[in-house]
Structures are given as C-alpha cells and as structure tokens.
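First subunit A sits with subunit B, and in the next complex the same chain sits with subunit C.
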Partner chain A sequence: MSTKERKIRVLIAKPGLDSHDRGAKIVARALRDGGMEVIYTGLRQTPEQIVETALQEDVDVIGLSILSGAHSTLFPKIMQLLKKKGMTDVMVFAGGIIPKEDIPALKKIGIKEVFGPGTPTSTLVEYVKNSLSK
Partner chain B sequence: MKQATDIQRLVQGVFHGEKRAIARTISIIENNEPEARKIISLIYPKTGKAHIIGITGPPGAGKSTIVEKLAKELRNREKTVGIIAVDPTSPFTGGAFLGDRVRMQDLSIDEGVYIRSMATRNHPGGLSRATKDAAYVLDAAGKDTIIVETVGAGQSEVEIIKVAHTIVVILAPGLGDDIQAIKAGQMEIGDIFVVNKGDRENADKAVSDIRAALELGTQDKEWKPMILKTSALTGEGIGEFVESIEKHRVYLRKGALDFQRRANAEIELIDALKQKITQTIIQDLREKGEWVRATEKILAREIDPYSAADSLLKQRPRQPSTR
Partner chain C sequence: MFDQKKLAEAKKRRQKWEKTTVPNWLRRHPERQKDFQTVSGIPLKRLYTPEDIKEMDYSKDLGYPGEPPFTRGVHATMYRGRFWTMRMFAGFGTAEQTNQRFKYLLKEGETGLSVAFDYPTIMGYDSDHAMSLGEVGQCGVAVSHLKDMEILFDGIPLDKVSTSMTINGPAPMLLGMYICVGDKQGVPREKLAGTTQNDNLKEFFAQKLCIFPPKPSLKLSTDVIEYCARHVPNWNPVSISGYHIREAGSNAVQELAFTLADGIAYVESTLERGLKVDEFAGRLSFFFACHNNFFEEIAKFRAARRIWARIMRDRFKAKNPRSMWMRMHVQTSGCTLTPQQPVNNAIRTAFQALAAVLGGTQSLHTNSFDEALCLPTEEAVTVALRTQQLIAHESGVTDTIDPLGGSYFVEALTDEMEERAMSYIDKIESMGGVISGIEKGFFQKEIADSSYKYQKEVERHDRTVVGVNDYTVEKDWVPVDLLRIPPHVEREQLARLERVRQGRNQQKVKQSLDKLFDDADKNRNLMPTIVEALKAYVTIGEITDVLRSVYGEYKELIVV
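Up next is the complex of A and B:
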C-alpha cells in the first residue's frame, strides 16, 4: 500500500418522472471516458433517493438531468436535503431542458452550473475536473 | 492531534453504523490515503461477525436483480444488509460506469441496507483491491449479511474466494454452451448454483447440465453444491435460495468456517507480507543502484531473472540476530 489512488466520483441522477435517459447516459459515459467513476442510478429518482445514494457512495459531484420542467420543485428539495445531511461540499450541476430564465434562481440555491442541450461533453468533463481541482 | 481525533471519531462512527462515517472510511481505504492503515488496524478487531455472500456469474445472468431480491428477503427476515457491487475500470481511460444500483432502486432508502459501488481500478479477478476492506468496514458497522457482487467477467473471477464465506454462481438458460466451457474457475468455487430466468424453457436443461458438470469434478466434498432455479422477475425460488444460503452458513459454523478462516488469514498474511517485503526490498535496491544494474544485465542476456534475484538476495546484509 504505497501509492495514493484518487478518482473523482460522480452521481448522475434523473429526478422526477421524465423517462428519457439518453442524455444522462451520454454524460455518464463521457465522464467515465474522462477517467471518473460514475454512478448511474436510473430513472425516476426521488430527492431522498438521490441524496441517500450520494451519501453512501461518497460522491464528489452530482449531475442532475431533467427534461420534465420539474426542476423548480425538485432541485430545491435536493439542495435542502444535502444541507440537512451535511453534504454541502458536494458540487451539484444540472442539465437537460431548463429555461435560461430559471437558471439564476437555481444558482442561488447552490446549483453551480446549468448546461443546456448541445453542450459538448468535453466542456462538461473539463468543467468537473477544473471545479474540483480548486 | 486533530488528525488522530478525526480518525477515532470516524472509526467510532463506523462502529455505530453511521452512514457518513462508513462512506468516508471506505473512500479513505479505497484511495489508499495515509490514514487507511491506521483505520484498518482499528476496525479489524471488530470484524468477523457478518456472513459474507459472493454473487458471481457471467454477464446477463441477472446478478444485480438477484442481489436485490436476496436483500429484500433478508430484510423481511430482519437482517441488516451491506452490498458491494463491483464493475470494471476501463484500462484505457481509468474511468468506470457503475450501474448496478439501477436494479436496486427500492433498496436505496431502506435504512437497513447500505450499498456501495466500487470500480476494479484494474485489479484482476473480478473485485477491486479494496473490496475486502470495504467488507470489513460494513462488518464492523454491524451489518448481519454482506453481499459482494463481482464484475461478472467469467472463469477468471476467483478473487471472491478470498472475501466471501458462501459463493453463489448465477447462470441463465441458453448460456448452456458456457456451462460446458466453464470447467474450471467458477464451477469449482461455487457453493450454490442458481439458474435464473427459471421460467424459460431450457431452464431445466441448464440445471441438469450443471449437475452433470459438477459430478464430473467430484472431489470428496463435504458440502455438495446446491443447484436451484429462480426467476428474479417473479420472485419464484428466492425463498428457497435464501434457505440454501442459510443451510450453507449453518454448515460452515459446524467447523468448515474455522478451516476457511484460518486459510484466509494465512492468505491475507501472505499477501500483506508480499506487499511489504517487495516494497521494502525493491526500494532499497533502487536506492543502492543494484536494481538498475540487475535489470541491465537481464536485458543484455548476461543473466536470467531467477539467477539475478538469487544474487540480489544473497548480497543483502543479514539482519544481526537478536540475543
């Protein structure tokens, strides 16, 4: 046991009821190809499930993918639960269908960045790596 | 001083089953951080109570679904459960897609279940280097049963014998040719064989194929491997599956467990010694330049590796004997 091995652990989660996960899986694979360990939990996750998973898996980052428009209800719930469990050191970003005008409110509750559809996966990978190295 | 308190607090948290403590501890050990060894030395004395079940078998047989059903049934019987699900690390990118939790969604908010996904990080044999230590953490945290789900790559997956007490091999019908082909490896280490997707037509044939394959390899085993059919989707056969695991656990308690534990303790000691000795000696040889000299000689075909090793060891100063 001599050398340290540190990997970035990311949870890619789909809160709410939307059932299109192609985008989430593309992001998950891109982050994997970027050398990260990506936990993917599947569709229809509740805020409780997402936070509990993030806790048990000791993730550094949570990526929330949502297409249903329910971000304004679900994201605050998730951020509250993270705070309650003392997990404010976990970086949270989001992607999917999120109108630009909603982004400031999301950033205010602690979502670090919101990526729209068509964001190159390389941008995401770089973003995660750079944010964590700070 | 703060470091010492943090480690103590973390370890106490593990003993109390606190999830944050469990999570952080597994990470520290997995990442080989400086505190890892100290932590292991503190938690190890509290291990040895959990029953550890290894779930192995080829991809597509339904391991994760069976693990979920197994965990749920154990919860019905009021056991607390730890699950470690291992997936492969890409040798090219160093990253991993850990998707076993997709099939375990119902369990994620059960307070009595702790699930951790681990990547192999290029460790061979179907598990990661830290899988065993993660099992120690869950054991010390008081989990009654720990389920370790291996990568599922096939015959070479035998690391699981170092970690689990009861080894289950999950197979599916239609993998019939694979059953014929799996002569060594998994057929030898399985205590319980499960034919999943048992509602399919060729399930019974799969069961008889396995029985035939096992009979071919009869050594005088006290424990005759059990063969069962399940359907993870319908839940059929899961009750009997849990019963068979319990039967094996009882069998182990009668004496085989002591033998297994002693064998495992020796394997662990050998592994630990190998690591330490290799580290120490090679470091020393590198520092003295002997390592490079020996390598050059081997490259120049002046000496073979075995003779080089002999020569290097002979040259090492003997430790002064203590009176």
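Up next is the complex of A and C:
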C-alpha cells in the first residue's frame, strides 16, 4: 500500500515496568505532527498486549520505548509474537536507554533501528517516512 | 526598604543609562538574543536594581534563618553548623550487592542512605510475578520480603544512620520492613530516622508508578503519616516531590506549584484523621529537582519555603514554627544528563549541586556522569559524591547563610516564582483540588505541553545543549565500563523468594492476610497489620494483591 493513499499508522508502545514516558509522548506527538496516525497505549504493556494492539489497529510501524534495562528480555518476545502472527511486514524501531553493545543483537532479531536520547524528532519523522517508502 | 529620595535618584540614573549608555553600546555590540527568559519562560531584564525590590518588607518576606517564613533557610546557622546530608540514591541487583554499595558510600563519606528499589518492588509485585520478568534488580534493588530487607541493612546500625526510601504505593510495606529490621537490631522506633517518599499523588501525573486509584492511594499515604506521627516520631513519613514532576517535563514554576498543591492535599487528608496540624506538619518533607537554570532554581527553593510557611500559618493555622518549615531534599536533574560526551555531565551536576546548596537544601543527591547510559558505576558515583564534598569543603559558599539573599535579581525572581506558583495553586483549588485535577488530566496536559515545548526549543536551536545540538563529536569518550546487571541476579532472587515462602508459618501468613483484607475493607489504618504480616514473612506482592482486591487497580488516563 502506498503511503499516499493512507496515513502511516504508528503504534508507540512502552513494554516493561518503567514509567519514563516523557520520550514516548514526545515521539508520539512529533510523529502525529509529522502527518501520521499515532496510537499510544500507555505504560506497562505486555508483549502480548502490544502485538494485539498492533494487529487490531493495523499499524505499519511499532515504536518501542524502554528505559528499565529489560529490553533484552522483552524485545525478543515481541518480535517472536509478531512473527507468529505473520506480521513481519510491520517495521519496528526502538528508543530509550539501551546500551550500544546490545544493539547488534536487537537488530539481528528484526528491530530496524535503535535511537538514543538527544535524537531530534525530525530525524525520527524522516526515518519512518523513508523506511516505509522503500 | 529604601530611602525614597535615593530610590528616586537611582531611578533617574537608570533611565539615563537606558537612554544613553546602553543604546550607545548596543549600536556596536548587539545582544546575543532578542529576549532572555528562564526555562519557565519568565522574562529576564538586562539588569535588576533596587527598584525591583522596593516593595520588599524584609521582616515579613525574608526574615531570619530558622524563623518563619524561612526564606533564608530553615536552620538558624545553616551550613556553618552542619553540612546538608550527602545522600546518594543507590540500589541495584540483589540486597547483597546494594548492601555492599551502601557500605562503600558510607566509607567514602556520604552521610545518609537512600534506597532505589527495582520496578517490581515499586509496583508491588514479587520478583517471580509475570510482570517482573526481565526487571528484577535492573533499576534498583529487589526487595520482596523481610529477609531481603534484613540483608540490605546487614551491618548498618539503624540508630546511627538515616535512610530515605523512594517508595510510594508500597511505602507502608517498606517502612514496615524497616521497623522490623530496627526491632531485630534492638533500635527503638522513636530512634528510627529517615524518609519514605510515600507521595502517591504525584505518581498520577509525574512518576506514574501507580498501583491503586487516586483515593485509596491518598488513604495509604495518610495511613503512613498518621502512624508515624503516633509511633515513629523522627521519621519523615512523606517526601512531597516535585522532582518527578520536573523530570516528566514540567518547568520550574509548575514543579513548585504542583508540589505545594500536593502538600496541601496531604495536610487536609491528615487533618481529617483527627490529628492537629502541629502534631504532624513538622515532619512533612519535600523533594525538588535542580535543573540547569542556576538562578531560577535558587529562587524556586527560596520561594518554596516562603510559600509553604505562609500556607501553613495562614491557611492551616499552625502555631509551632516547625509546622511551617519546609525541609527539602534535592536531586540534580537526571533529564539534563546526556549520553553524548558523558563526562560533561559531571560539570552539569556540579553547577546544579551548587545551586541546590545556595538554595539552602537539607539533603542532596548528585547524579553520576554515566547515568544517561546505565546505573552508576562505583567510579562515577564517587565523582558525584566528591562534587558535594568539594562544594562543602573547598568553595567557601557554606560559610555564610543564604549568600545570595538581598541580590536584586534573586529577590525579584523569588517574588516572581511565588506569584506565578500561587496563581497555579488558586487554579488547582478552583478545579476542586489535586485529585480532581488528576481526574481531569490537568497536570498531565500541562506537563506534556511543557516537555514538548522544551524539546522543540532544543531542536530549533533556541536552546543549546552542549554535545547534543552543538559542540558535537564523532566519538564519545566514556571513562568507565558500564554497570550491567547479570542474569544470575534474577535467579538468586527467585531462589531466595522460594525458600522464604517454604520456610514460614503458613497459618500465620493466612491469618495476617485475612486481617489485612478486613482492615482495608473497614477503612482502618493498615500500618499495624502490615507490620505484623511482614514479620511473618508475608511478601510485598501478597500484601499488594489483597489491597488490589479491595481498592482495584489504577487505569492510566493517557494524555499525550
């Protein structure tokens, strides 16, 4: 489906128990201001809830935000569930406090990009648009 | 405050200066910006003069340290007597690991403990709950039952050190465990000193670690305040917190106003228990952030003390000056730290810590330079602690009380902070108070808007963040190996939890949980029963589950 026909649909999700939602909310707002349809489901979503919402809302993109250090446990679960549901066409990116040395393993399981603090929101908007038009 | 004739002369001179000296200079040397503002958007003048504080009534507005309205400080001699408590927030992995960190910090000269709990503990889940997966010991120490707490404070005499605990929903449980550890060490309850954060109201719009809905949450906070007033008199039962409001994205004025509004709600709720204001107000304590804008932060701390003293005296008719004092803990601002060029964070933190000291704090945590990357390493936390020791021993700022008092600028900014905060507080009152504001999403929206505004300012380069949107480098220099929590932490924690569950008197466990349900159902103060349950090694998760069954769980009101 071409991005011209319908707005890009993005789910911004916070897995894990941490409650630092400042970044997730800023990203949600910036993508919305960038012309996308953004669904933000709030704190402490389980992998099952995230994948279910992504399915129900028919999203093109999932942005995962986590700052607790549980990414190496929770991200693989989310990616496995997406695979199981046949949702491998959904683009997944992540942000938060994620150590650099963890990033290669996350990319290996299908997370397209990991953004750290200080990333301009304009970079994210561009990134999402570009990676979907490819 | 000033001789009218001399003031008039000063005004004339100012007008002349503005008409001649300034424009002459500006023609060749334009200013860096069209206008200047604090982070909160308070417009800043080029220069402040006696005219800006001509309305000041020294005795009424500033007074003397140790006396209401405490603008210049809560103690009569401030840091000439004793420095602030150097209290480093610490906690990771198992109770054993954190106990080692505590002992290290005490050896290096910190003067009070501060416990960071992991997310499962904070949310009232035991380490083996499904929601705890991957989180055990990651962002704090895992504590599920009294045995964990006994290990956490092993070899640390509770009558010699004060302890602050960042815990809100489960505050009754963690205070209860501390009391139990004290009992085992033979420390009488009136000798226990420290603080439970126990500020559940700000959770709904700032820290967002909510377990129960707003009303039962306020009830639990009040249980702790009431219980301490009656049984643990040297404990600060609540630390009314602006820190998380600020970190969530508010500006300094909002932080100040929302915190004080929460304070009012706690006083009202405790008065409803039949306690008199002078029986508990002296033990209410506060917690603020110290962000980047040096003078705005100092003005915020000074204004906070003055407003609180006025509220307690005029509105709640406190008689004891101690009921009017605002003692505060300050933490340098985590959200100002950057993972880019992390060593710069040590310098940021030093400026913020200096502002906190000039603002008259009673207790201080300084962030470690590696905290935008991971939990603090021992090397980085040592630098952070040394920062406080440098300010205390080398800078000389501690030798005179409130050295910035009387500065035209600082006093004018203090007045401005007070005025703007009061106007917010009136607005909150008119919408029916804090709980009503939470339910309407008022605070959530205010904070989200400020946070987005700040981010946009950074992206437009209206605001320079060194190393992020200017002065960037290709490769960051990180002088430490980042602290990682290994997987065996979770395994060890789960094994201990299992052993504790097996080894306890099951009948006692059941009895105490039944009693707890009954107390909660009948709206009694839960503290005494919780203490008894903890002694029987009932876990935090089991206690919280009973309370969830009575109070229900909070469903987040999402405001983007």
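Criterion: the second predicted complex is superposed on the first by the 129 of 134 C-alpha atoms of A that agree within 3 Å, B and C clash if a C-alpha of one lies under 4 Å from a C-alpha of the other, contacts with A are read in each partner's own complex, and residues count from 1 in each chain.
The rule is simple: a residue touches a chain if its C-beta (ideal position, glycine included) is under 8 Å from a C-beta of that chain, and two chains touch if they have at least 3 such contacts.
The structure presented is a predicted model; accordingly, all values stated were derived computationally and were not measured.
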Joint occupancy of subunit A by subunit B and subunit C, clash or fit: fit
Which superposed partner A:97 touches (first subunit B, second subunit C, both, neither): second
Partner chain(s) touched by A:28 [first = subunit B, second = subunit C, both, neither]: both
Contacts of A:118 with subunit B and subunit C, given as first, second, both or neither: second
Vertex subunit A angle, Cα centres of subunit C and subunit B, expressed to the nearest 10 degrees: 100
Touched partner set for A:53, first subunit B, second subunit C, both or neither: first
Partner chain(s) touched by A:17 [first = subunit B, second = subunit C, both, neither]: second
Which of subunit B and subunit C A:42 touches, first, second, both or neither: both
Superposed arrangement (fit on chain A Cα atoms) - minimum subunit B/subunit C Cα distance in Å: 5
Common interface positions of subunit A, toward subunit B and toward subunit C: 28-29, 32, 38, 40-42, 44, 46
List of subunit C residues in touch with subunit A within their complex: 119-120, 122-123, 125, 130-135, 138-139, 207-209, 247-249, 335, 338-340, 372-374, 448, 451-452, 455, 459, 465, 468-469, 482, 484-485, 556, 558, 560
Subunit C partner contacts - residues on subunit A that touch it in the complex: 16-19, 21-22, 25-26, 28-30, 32, 38, 40-44, 46, 68-70, 72-74, 97, 99, 116-118, 120-122
Touch list for subunit B against partner subunit A, complex: 19-20, 22-24, 26-27, 30-33, 36-37, 89-90, 93-99, 101-102, 105, 108-109, 114-117, 119, 121, 275, 279
Residue ranges of subunit A in contact with subunit B within the complex: 1-7, 9, 28-29, 31-42, 44-46, 48-49, 52-53, 55-58, 85-86
